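I'd like to ask some things about the structure below.
We just call them A, B, C and D in the order they show up, numbering each chain from 1.
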Amino acid sequence: MYLEDLIFHQEHSIVSQSLAATQSAWVTNDDGFGVAWYTQRTTPGLFKDVLPAWNDANLRSLAAHIRTRLFFAHVRATTGTAINRSNCHPFIWQNWTFMHNGKIGNWHDCRKSVEDLIDHVHYPHREGTTDSEALFLVALSKGLIHDPIRALQSTLRDVTKIMERHNADEPMRISCALTNGREMWAFRFSSDDQSPSMYYGSPHTRAGENQLHAITTIASEPSDSDAAHWFKVEERNGVHWTERGLEHFEISI
Amino acid sequence: MYLEDLIFHQEHSIVSQSLAATQSAWVTNDDGFGVAWYTQRTTPGLFKDVLPAWNDANLRSLAAHIRTRLFFAHVRATTGTAINRSNCHPFIWQNWTFMHNGKIGNWHDCRKSVEDLIDHVHYPHREGTTDSEALFLVALSKGLIHDPIRALQSTLRDVTKIMERHNADEPMRISCALTNGREMWAFRFSSDDQSPSMYYGSPHTRAGENQLHAITTIASEPSDSDAAHWFKVEERNGVHWTERGLEHFEISI
Amino acid sequence: MYLEDLIFHQEHSIVSQSLAATQSAWVTNDDGFGVAWYTQRTTPGLFKDVLPAWNDANLRSLAAHIRTRLFFAHVRATTGTAINRSNCHPFIWQNWTFMHNGKIGNWHDCRKSVEDLIDHVHYPHREGTTDSEALFLVALSKGLIHDPIRALQSTLRDVTKIMERHNADEPMRISCALTNGREMWAFRFSSDDQSPSMYYGSPHTRAGENQLHAITTIASEPSDSDAAHWFKVEERNGVHWTERGLEHFEISI
Amino acid sequence: MYLEDLIFHQEHSIVSQSLAATQSAWVTNDDGFGVAWYTQRTTPGLFKDVLPAWNDANLRSLAAHIRTRLFFAHVRATTGTAINRSNCHPFIWQNWTFMHNGKIGNWHDCRKSVEDLIDHVHYPHREGTTDSEALFLVALSKGLIHDPIRALQSTLRDVTKIMERHNADEPMRISCALTNGREMWAFRFSSDDQSPSMYYGSPHTRAGENQLHAITTIASEPSDSDAAHWFKVEERNGVHWTERGLEHFEISI
């Protein structure tokens, strides 16, 4: 499929969407956007800019020319950190890609303690100041590439403790997606049962009726209005996608 | 080949280069850059930005992931018009791509008369204010897609008259490249025999010794230092590249 | 007053506004923004960017440090032309500043004929491709600096004829503002009585109750919710502001 | 004076310069630029962008309209960290402004330990990933606003130890400038006696012969070619400027 089939040519596309992940993924807002896509190379391609996504001529042209079997797309709404390309999602590490919707509560207070959990291998790779990139690097430090769910759960556990230690009065709300280029994980977790919504399904795409089965989508909102195409991911639940299909898992910390 | 094989992984790559075209092409400077590359679609992909090319993370990632059999790359040094993406080369029209090094003398004075030569079909496509985009649109108005050399010669003839009418005291210096995605044309022409230099050749690339024969390059400067790889294009001369090989032609107006 | 008093510190500020002009002026959207402000120099200062205005750190800092007695601010929603700084309002010529909300119908068809009305003095100053900048340059060619209303009326008359000649099926809708740094003109005109709204008034500002009398504002929407502060400008009507007060005028073409 | 008097209208201006500070200051390169200037407000104005400085229309207009008695200007050459506005100098904290030329050796290895020296008050203010911003925040954590030289010396001492602990094989080279809006400090320090050059003097400016005495400049290179205007700052030496004049000091760690 071409990127544009899912980014632009959907009933509810990147302009009206929030988080997503799959085989395709996106978010709406205008504090910058990013796309990571897998090709024949090990690491994904990565394109980010701080302009509004819907009018960006570069994104339109790239989306019309890049073919991929799996990509992440994200449009950012800042929760307080600076607007620059380094703070745009997705974030990549070798063959891994991560993106996130939501926030760690009282990030300004908790940031130093969270960043301190990043080990010396991954610390130099920190390019921005977002809670999202920090979550990814902490999880990488905790062995994400060997056991993603376990590493992310451990990360959330530690972040919860840090928030408690700083008497955070804002909630933690996480709706995130991860891939290694072959498998994909996405889940919701929050301290107040209000993490950003997440759906998975198989929207109709221009890419051709006959290959629709292949286009599994995880998104913050359904990208078409046919309710039969979409299933909601519940709080503290996640989906693990592989070529063999989708499996559900629970998140507990 | 990947874009990066020629854009970044050459002894004298885009950082030190000026104009180029082929199968690959580039220019050095830092008032913005652009890349157009051909895929399976009819129109080429197009990516432009106003940042210095050599440090742009987007360009690096795209160059590492985009595979193409033919592309144009350009880094712009403004000759007076505004710095914005619309003024960055290359310029595209349907399946055609054009880029240019040099300038029309006394552009500010001659601009209105030159733009007046653009017909109503192509005029709405004018997005910037450069002499380069104007040359392309005038030539398109004169039938470039049917006979490129004839249309460009006619364009240069008319521009020369316009410069004379405005008593231009600056020279016209044109070193340009054009492609329809299958064939490529590039030539030098000037009013004072000082158009920007142009070379063609087959530089060594990382892409593999065994396919070197396929990577014909037209560039403003040789991209490696082995003189045996490169041939100079003389003033009022051009090269026409097809899959069958290179042919020479002369430009007279 | 500081720019921020009116750009950011209003109940309905630049984020929720559309066109404006005065002593202060703005528009909301996110295809770029611009501010022109008068200092002790003859020409106004000019700052434009293509990022969303409300999160731009440069704009926030400039707005907090630039003091001025008269400024124009604009946030752009493109009606089809490219997103770049050259296409952002306001547009300036010597000591004159112009900005615009609305559009010339069927601009792609009419553009060449409208641009042809720009004389050789002002044509080289055309930096973008918008109908707005073209209106300003045509009016300048028709003597705007000597008689602004007459020149703009003549421009609208000619543009109306051009639209008729091209059988335009879209309306012309103009809501614009102009200043020479001492006086200000703003008016509404359209072919279908639906030009963008315009109000003038004296919003409460943080700048201090005691100097409120000095802060006349013309805006696309009231910037505070006290209806007593605001007067609507009707279709085919305009206001002319000088230090002595506001005068009304009618637009007929 | 206007910013442009020193940024653009000098024999060797920002285009050919490197570090500077005063009453005026700049650096040459093209990985972004920044200007901080003092007005009647407590905090300085701040304007940063990642475009090449010399062709930026915003910078040209701002420089022509902003009047100030004291400013810092910087053009960045990255030493490896990302190109974005957050990484552009100068950096500000309340009424303090800091900028820097040079680098901490083996920054990737040492970064986490250096950032760990930033206290909880200043850590949330870290917006980028440069060694320069880190130096400023560490010094602020060590009481820079009470005793700048002492805090910076203590910072350099700690950084030296961290570099030793990580067996850094690259040198530390620091040429920096600091101001609180009334006084200015600038010095050179390095581990190998090769910190970037620094000069102070009183260049001729367009601002008028009669106020030349007031325009003390600290810069990486003399901004005019009259050797009589300039004095070199030696390694491990600094200058402290106040309204009463310049004093010299030594740096020892």
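Assume a contact is a pair of C-beta atoms (placed from the backbone, for glycine too) under 8 Å apart; a residue touches a chain by one contact, two chains touch by 3 or more.
The structure displayed is predicted, hence computed values, not measured ones.
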Comparing which residue numbers chain C and chain D contribute to their contact, where sharing over half means same and under half means different, the two sides are same
Here chain A maps onto chain D under a C-alpha rotation whose angle in degrees, rounded to the nearest 5, is 180
So, in whole Å, the Cα centroid of chain B is separated from that of chain D by 40
Touching at least 2 other chains, the residues of chain D are 57, 82, 85
Interface with chain A, chain D side, in the complex: residues 81-82, 84-86, 108-109, 111-112, 115-116, 118, 120, 123-124, 126-129
Within their complex, chain D touches chain B through residues 30-31, 50-52, 55-57, 78, 82-83
Counting only contacts in the complex, chain A reaches chain B at residues 37, 39, 41, 43-49, 57-58, 61-62, 64-67, 85
